[in-house]
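We just call them A, B, C and D in the order they show up, numbering each chain from 1.
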């Protein structure tokens, strides 16, 4: 396994441990994610991948360990403060603000960038309206960048699933975050569109300079975009490194296909072919 | 025994299964494999009647059951062991088993069946009066299977029996599955991510990817098939 | 990155957001917002002209009718307040009637007993209500769902009992509000006064609900998890909703005391709570128009039923109309909950959807 | 001392009545998710029905009782079909509002068909005027009936829920509705049974309360609904013994407060007024709720029904 040592870590997770009742969901996990890379977190069902994301965005409180973002300790911050540091995310179940328009979804994501309170919000002029106009313009720019501008005035909940998925991404990107957490971006995406999704992810990373941490089950996508992969199994790191090496690791195959799987494969002498 | 044709299932505007067809002969173990998000649980929920199907046919023992509600399908002999087990946590182990026998009347027969199930799963015997919520993962899976058996099903649907279990317990669960099939002639449909283990007990297998069946065949030929691995690992 | 969403043509017009929710970027949006403006101006004109119209229809008794219509204005305020709390910020509180009652007593006490000017009384009533809202809202954040419903309903009946207790202790039958500024003794000026306030608050609320604060409330309602992940401080915004709603209900309560020239402990009762909830549920949760429609609906009911003879005799049944009104509130509320769960304000859109969907429905089952 | 004992016994009796009400409230809430604010109206409708049977056709008390209980079962079934089922999938809050509306409708119906019950009427029972003196403690016959009925109902209900097929299914449904369907149980039928059972309990409670005070009108249950709900929430809204204990606790505290506050004045304020007592109970309730948001006996503690 070739370990690519990142030049400068944007996110550092150190000995992270999460327990649910008596169950250890994450066990002393260490991760370093470098600025500007696409990092994939994979593993079989129940391996604890979403739990890691929830710890980073503050929806779950870990039992032990620490998480540093640009050298700043995250765990002591409440969830709502972390967004303003430049961490955006998408959700597996989308979790859009479904009764709002797409544009308002993006404006809401920019909540921390705005300051207007109740009093100025009540007035038809002044700070609130100025801020909103500016934010609206920036939101439109993000939508245009992602080719979604025609959806701006539509109600998010009424859009087709595929479009909602992209809106979820737009909402995560509108703040120009340093780090975006993507929870299974390929889930529910038809197989023929996975390649296109890969192209998009690369584009955001290059064009916006965003670091991406993604959880994914679709290995085609992982192989196509990830700079590095970490495999989780039962809450612990099973393997880490470049996708090609890691995904043909016998231990990883066992985690996915069950015990004895790698043996069977090796006996047949099948080698891994790049798709 | 179970014949599924062109099954389409979805939630709202999202279609999850795009026309699934497969056959389960009487007395067989059929495995349906796929990674997370392939639509395995949706398939099981649709087969058991927990969610409605959009179109397609489900024939069970010569009868069209695709439009029946879950309660009726159980009475036809189609029992599901749901993903995550769905035990009645505040009920005792014994009460969970009694719930499994809800459709049956004879008290003596039910008691006999409970005895038989406790013989098959001796771990449960010691925990009979414990609340199901306090069981370990392995015990819970045994109880979930035992509870489903209490209705005398003709076909057992198992949704990810290995989910969340330690490897050593996964092996025990699969042994039980094999025994049920061998000793009692129970037809079993098994949905799994753990492909290797499932292929070891199954007779035939189907591979589900993104809501479609992309590969099927005899379990023995699929075991060593690099295609399985490719599908999982992206090849 | 070149793939353009190719679904525009397939989408039925119902997915186009309500004009009031959107900005003014597109042509459609601009037209829609012009329609909204025209509607507003027409509404205000109608309100100004209504007294004259009422003269034409009712002649001598027109002031009496106007007096009733003013009550609807007060209801609109209360409905708006309940809607901000429950329809927008999604706090299932049944406690607004408590602020309604307390503010009426504060105003009456200051004005009648202490001889303070009316305006000081109104101001104090609103401030006290806002403070009460803060006191109630803080624990409400820790209590959820069914428990909150029980606790807030308990608040309403407890406050009602205490106000009643005060009345008994002070040995008074009615707590009359004296000391009103002269112009408020006139039904016509009272009407203008109340509706000026209503229009003002509707205007301010409209902007607030479309500002950063309003978006935060809606975000909390739609998806708390996501709202938190995008930096919305749940505690702060829920509490703000409580305070604003309480202050507004307080204003409505003191206006009610002005309107009735008396404060009564029945203002803080379960029935009053139901009336507020009926307005927003019948009108539509999370909709400004809904608050107005709901208040008109609930407010007009007694007016319409008041035309019926009381007691009314149907066969062997004899009905007190006052009883009937309560029962009809209940029945309508039930029917709306069952058949139009999103309220009257959505009826227009629903009708549209139904017409458009019908042809394509064919082969689904 | 005997005066104090008298207060405790009175508290237990009141508490039993509250406890009976909370049983029905919790039964419905746990299994169907409806926070039933119409529960008092249901109880009062049944008691009024019995009053009419007693005064109109002048039926024998026991025959009227049986007929009323049959009526209550029917009422429960009608309410489940006509009310609970249509709002089944609505959020908890919407359902709670719907029950408030239902209460208004039921009260209006009662007043419309029995206008004489808009006023307070005399409700007579065979126990009226009978009492027991036990060494300085006075126990009226109806109080004894209330204690005995509550205890035996609790016992029977517990046996039913613990040992019968339907009882176990009800508890299973409170845990997990889809899994209950997978066992072949018809959820609709269980819902119906729950509503029938809980209005049966409501009827008994209404009759006992009317029997205790010998007074009845359409709204006579209104004042005791809130204490009953407070008891239910204190009991955690999820276990029957918990709620019974919560109800008894509220009744006891209420009577003890009345005892201790009697004759006290705080400045010009008469502390013995019921409003003061109810306020103190409410404030205590809120404080308990803040310290233990899940109720006195938490979910974690109490799994058994």
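FYI, a contact is a pair of C-beta atoms (placed from the backbone, for glycine too) under 8 Å apart; a residue touches a chain by one contact, two chains touch by 3 or more.
As the structure is a computational prediction, the values presented were derived from the model and not from experiment.
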Measuring between mean CA coordinates, which chain is farthest from chain C? B
Once you count every C-beta pair in contact for both, which comes out on top, B-D or C-D? C-D
Whole-Å distance, chain B centre to chain D centre, using C-alpha means? 43
List the centre-to-centre spacing of chain A and chain B in whole Å, with centres computed as mean CA coordinates. 32
For the pair chain A and chain D, the C-alpha centroid-to-centroid distance in angstrom is 51
Which positions in chain A touch two or more other chains at once? 160
Residues of chain D engaged with two or more neighbouring chains: none
Mind pulling the residue numbers of chain B that touch at least two other chains? none
Based on which chains touch which, is the overall arrangement a line, ring, star, complete graph, or other? ring
Every touching pair of chains is listed here as A-B, A-C, B-D, C-D
Looking at the complex, which residues from chain A come into contact with chain C? 57-59, 78-84, 88-89, 91, 95-101, 103-104, 107-109, 111-112, 114-118, 120-124, 128, 131-132, 136, 140, 146-148, 150-155, 158-160, 163, 166, 171, 196, 199-200, 203
Given the complex, residues on chain C that touch chain D span 86, 92, 94, 139, 142-147, 149-151, 153-155, 157-158, 161-162, 164-165, 168-169, 270-271, 273-274, 277-278, 281, 317-320, 323-324, 326-331, 333-334, 337-338, 341
Per the touch rule above, chain D residues touching chain B in the complex are 165, 168-169, 171-172, 174-176, 178-187, 303-305
Touching residues on chain B, where the partner in the complex is chain A: 13-14, 16, 35-37, 160, 162-164, 166-167, 170-171, 193-198, 200, 209-210, 223-224, 226, 228-230, 232-235
Would you mind writing out the residues of chain C in touch with chain A in their complex? 1-5, 7-8, 11, 14-17, 21-23, 25-26, 28-29, 203-205, 207-208, 211-216, 218-219, 221-223, 225-234, 240, 244, 286
